[in-house]
Amino acid sequence: MPDAVRAMVLEAFGAPLGERVFGLPEPGPGSLLVRVLAAGVCGSDLHIVSGRDPRVPLPLIPGHEIVGEVLAAAPGRIDVFGKPLAAGELVAFSRGVTCGRCVYCAVRQTPALCPQRKTYGINMSCADAPYLNGGYAEVVYVRPESEVFPLPSDLDPVGLVAATCSGATAAHAVELAGVKLGDVVVVIGPGPLGQYAAALARETGAREVVVIGTGRNPTSLRLAEAGGFVPVDLSQTEPADRLALVRGLSEGRGADVVLDCAGTTESLAEALALVGPGGVVALPGVAAPMASVGIDPYDLSRRQIRLQGVWVSEPRHLWQALQVASAMRYPLDAMVTHVLPLTAANEALRLLRDRQAVKVVLTPD
Amino acid sequence: MPDAVRAMVLEAFGAPLGERVFGLPEPGPGSLLVRVLAAGVCGSDLHIVSGRDPRVPLPLIPGHEIVGEVLAAAPGRIDVFGKPLAAGELVAFSRGVTCGRCVYCAVRQTPALCPQRKTYGINMSCADAPYLNGGYAEVVYVRPESEVFPLPSDLDPVGLVAATCSGATAAHAVELAGVKLGDVVVVIGPGPLGQYAAALARETGAREVVVIGTGRNPTSLRLAEAGGFVPVDLSQTEPADRLALVRGLSEGRGADVVLDCAGTTESLAEALALVGPGGVVALPGVAAPMASVGIDPYDLSRRQIRLQGVWVSEPRHLWQALQVASAMRYPLDAMVTHVLPLTAANEALRLLRDRQAVKVVLTPD
Amino acid sequence: MPDAVRAMVLEAFGAPLGERVFGLPEPGPGSLLVRVLAAGVCGSDLHIVSGRDPRVPLPLIPGHEIVGEVLAAAPGRIDVFGKPLAAGELVAFSRGVTCGRCVYCAVRQTPALCPQRKTYGINMSCADAPYLNGGYAEVVYVRPESEVFPLPSDLDPVGLVAATCSGATAAHAVELAGVKLGDVVVVIGPGPLGQYAAALARETGAREVVVIGTGRNPTSLRLAEAGGFVPVDLSQTEPADRLALVRGLSEGRGADVVLDCAGTTESLAEALALVGPGGVVALPGVAAPMASVGIDPYDLSRRQIRLQGVWVSEPRHLWQALQVASAMRYPLDAMVTHVLPLTAANEALRLLRDRQAVKVVLTPD
Amino acid sequence: MPDAVRAMVLEAFGAPLGERVFGLPEPGPGSLLVRVLAAGVCGSDLHIVSGRDPRVPLPLIPGHEIVGEVLAAAPGRIDVFGKPLAAGELVAFSRGVTCGRCVYCAVRQTPALCPQRKTYGINMSCADAPYLNGGYAEVVYVRPESEVFPLPSDLDPVGLVAATCSGATAAHAVELAGVKLGDVVVVIGPGPLGQYAAALARETGAREVVVIGTGRNPTSLRLAEAGGFVPVDLSQTEPADRLALVRGLSEGRGADVVLDCAGTTESLAEALALVGPGGVVALPGVAAPMASVGIDPYDLSRRQIRLQGVWVSEPRHLWQALQVASAMRYPLDAMVTHVLPLTAANEALRLLRDRQAVKVVLTPD
């Protein structure tokens, strides 16, 4: 049991993270100390460290994608299946901490919308007890409210960690979009969110999944192809080609569901062009404020299109993503192009910012 | 049994309808002759006669809202409940004629999207057999494919006729929006579509229904109030007042569902302002091409809003609307401000165009 | 603020409840003291005091149907809408206390099935701190996990209290049965559960609700009639009459949904006889072990019937029941045939056991 | 184009089928002549030829599982995607012919329950025009109402033909059971229905599928294993073993869904034992009248179980089954253990009756 815990801390927006050492706390009632084995560097971490996300308190240990092993557990602390958690167990947990008892949590059963929702590594400062509130650290303190999911010990934490944010959000999008057996699905944006969206749409019954990307990082589309999806390179095709492709796969109708995992003005326009009558366009990829987008209400009505916002995810989505990642039917682990030690977190952020990486994961030094 | 049938015919867009006389056909196999007892003048009829609806073939007998009595039925012609139809029976029928066997009708079960869908009084010319294809006539010829609903003989066709289009479309919107027990619902636009939307939302479980109107025709908001809804006059309130009202009724959240029955740029902006987190904005009111509208994808995502297009209606919606109208729990019949003889159809259209009427219905001379 | 709290306590199964006095505790973090203004005597209380419910620990303060006013609240204790609770406020709260974070609560979102679920007045002994764990008392101690719903101060607690158990369970049944706009619904058993089931089915869109009862207590069927439902007296009709009635209301099909609120061998057989093709029979009325019932799998298959178990209720159902009771569109408050002081709890149980009462409510002495 | 068509005809229940020759009709308006390339011998054909199915008119050409090629099509006859059908095209079509316009077809959208539903090879006698009404023939006459699905010309009709009945019914069961992403599913009965049920459950998101069989025909369980499912041999295991297995796969809960494809008293008891709290038992396997089965209403309620009847299938289920069979991700074609010429139909029925075959298919001589 270590008595000091290293963490990478954001002290000022735009400045590099600095290494700090914290004391190892005792887990309070219902709580858990988890040794971080893999901390994913999420695209939204770039917004967080740069100050574009207005909710972030300083100082902060970033990192909301975490797989780790139990270091210590309060007596009687159980996982979601009711089993007491023991030291050494491999676990993941909900990145969002919700109140569980408000109208959104308990009445509408949409905890993603809980007004008290807090997220490890995003809006829980390391100035506040129990301090170890983010994943860019050797240890994270997991609160009593956090749903904890056990994982088979033979799984690779690095390959799995993207399930805890991108995977779960993708599962939420697939659920809200209502993907059904036999659907033709288009995923725009082949990053971690899109890779999971494609896999989860396929698992939910999609017969064809088209994955559209810019081709700037060729690994992304190669992974999509290896997963059994139809890769489309934006830089090699015209809009009319893509429409023809999607219609060709769908007996002329257009996509039943488009999952816009890019979240740009252009991707939304593309999504509305590719969706067919009665279809759904879901927006899991919008993570920061953006410009207004013009839509055609008559087209939405005439073709009975649904445009569906998607916000973060809920515990069942994490479980679904972990299951699909664990089953290894898709090369989801192969999207990790870079594994760096925790103390190289600044370099990890740079790799992502410069689009050299598909996914970067931090591991203990 | 008459041997000549009078009808009001559109020969040229923008010109007045002219009276014409047709011979009375025999009902072919599976068909029905229905004496028109009430023909509603729908808002969309204004688009049709002016030529703004590009699908309209000439010459045309307008009129897609019809309640009538069976004049003659092919042997064995049954209603949706399997009962043979007999002369003298009061009936309504689906205004849309669908193929029943395509991917939209039979596989996706969304006949509203059937590519072969035709509508009495809209895109079935009176130049084509069996000619009597619209409601502005003494008799309408009902095809074998049309779902026929029997009505209690003591109901007033005039008070009921708006159920066949506005009512059914409102039911479709309520269904697609997923109104649930306990929801707070806002209806924008207090015309026939909005009056039915309010009633059907209430019937599906809405605990509060707010109806917003311009107040140009004071009858509309008075009817909403008489129906048990909360009337709001746009001309007497500011956006902030309306938001405060809706939030006050919903413990601060905003509306669970907004049914935009006005279908304008302004109403859609209002709808998006009034809807709460996790809510739905449905668009049953967009009946003709309109300008693009700017939406904020981040807001849609962050609050997990759903924007839902709604196109016409399906047989179950007609049945739902007829049931609710028949049960007389709302003053839906009172929205008929003007009843005119068939041959006064031009005057009826004028009353609607000048917004003097809430609903105009044509009856036999 | 009282410093002593009277309660009626079950010390031995089958013995009368005895009066005991408890000290008034301080509300711990997140907790609430609620002065009981109305405690409903539920049919299941008869099983509890007689020992037929195997889960009951002794000693016990019975009473799981409670409406009261806040006596004292821990600082920052909020209701489900996020508003801090203040002394004097009228409230109801979930009778079941669930963990909120297990696979049933957080992943499957069916907290009714939470293995850790405990219920005030049923399986929380008054031997265990904080002691005041049931409704047959002057004060109840409401735990941090309990979802608290504010009520308008002008409502009558006595008329409302059945919403907290019968009403909520009925809402659960209506939801699981999937009552839809236009359905024909049959409710078997016109007690409090059935009265709420009828009202909630109607609110969710049922066009006709038939309520079947034994007629032993004529008030029940009179209330059903006053609520706008079709009352049927088992003692005055034959099975064939009832089938003919239901078919007559449903164009020959049979009921779309049967809510069996009686939970006997006979009522289940009646339910399966009255339900139509594609229909649902839901079982909210089975509260204690009973004999096996024979069903015909071919009939279930051929007519595609769904038989749906229903267990207790979840927070949204409580909210729905409270809303419907508050709106006063049905004479739900009139089912309270007897109001007795707390210390007359034994007499209250007797009135219910002897079927002299439809609903008995205890109020402060 | 042949001018005579051979068919195998049932003239008397219990007697062997006899060969008969019919003239080749012209396809009437909207109709189609299809050359039968593969006719599946379904388990229910055993009931039909023996007279245990009371609906069967004589004489009858049995055979309701058909894949064939278009021989001649009425002008303008289109498939479900709106494409005109041409001679030589490979097709399947709905085995049930429904009215399309009744309350079940058009209002409730459950055409499986259409009172006018007729099925090729089951209740359409070859004494009635157009005579060629079953699959045990060289040519089948496909009516205007039948939904026709085009198939890629490179697919093997023999491997695909079970999709048209077993596959479609399995898809219906999976849909009615509501299989969701991450579910643990048990299939009882590893025949054609069960093989499809397992594949379709997996396609809809099941993470584990257990297939239980008697082991009488070892091919069945081998196929299940080859499909990626967990095979369980009833003859090698005790009920407690099976419960332990299912609980082990489901974190202790039991199955989320059990698809009882055997339809016996024993299989239903097994299903109710293996299903977990909140789960569903669906009954697609009950095809003929059987004895009453005792169920425990308290258990159903306490664990909130759903028992769901399933009757035949609807066009979307056929499409789903055809898609999954076409995608070749499961060894569904390998279940065909015997291919015989049409004129060996009696031998084919014997092989199935004696349980020597998993699936027998007839092909042109």
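Chains here go by letter, A, B, C and D, matching the order in which they are written, and residues are numbered from 1 within each.
The rule we apply is simple: a contact is a pair of C-beta atoms (placed from the backbone, for glycine too) under 8 Å apart; a residue touches a chain by one contact, two chains touch by 3 or more.
Only a predicted model underlies this, so the values are computations on that prediction, with no experimental measurement involved.
Visitor: Does B-D or C-D have the larger number of C-beta pairs in contact?
Guide: Higher C-beta contact count between the two pairs: C-D.
Visitor: Can you spot which option in C-D, B-C or A-C is basically A-B again, with over half of the contact pairs the same by residue number?
Guide: Repeat interface, by the over-half criterion: C-D.
Visitor: Measuring centre to centre with CA averages, how many angstrom lie between chain B and chain D?
Guide: It comes to 41 Å between the two C-alpha centres.
Visitor: State, to the nearest whole Å, the distance from the C-alpha centre of chain C to the C-alpha centre of chain D.
Guide: Going by mean C-alpha positions, chain C sits 43 Å from chain D.
Visitor: Two or more other chains touching the same residue: where does that happen in chain B?
Guide: Counting only residues that touch two or more other chains, chain B contributes 81-82, 103, 108, 251, 316, 319.
Visitor: Where on chain A is chain D touching in the complex?
Guide: Residue positions touching the partner: 81-82, 171, 174-175, 181-182, 200, 203-205, 207, 251-252, 316, 319-320, 323-324, 327.
Visitor: Give the list of chain D residues in touch with chain B in this complex.
Guide: Listed in rising order, the residues of chain D that touch chain B are 78, 80-82, 94, 100-103, 105-109, 111, 115-116, 145-147, 314-316, 319.
Visitor: What part of chain B is in contact with chain A in the complex they form?
Guide: Result: residues 103-104, 108, 110, 112-113, 176, 251, 253, 263, 268, 277-278, 283-284, 286-290, 292-311 of chain B touch chain A.
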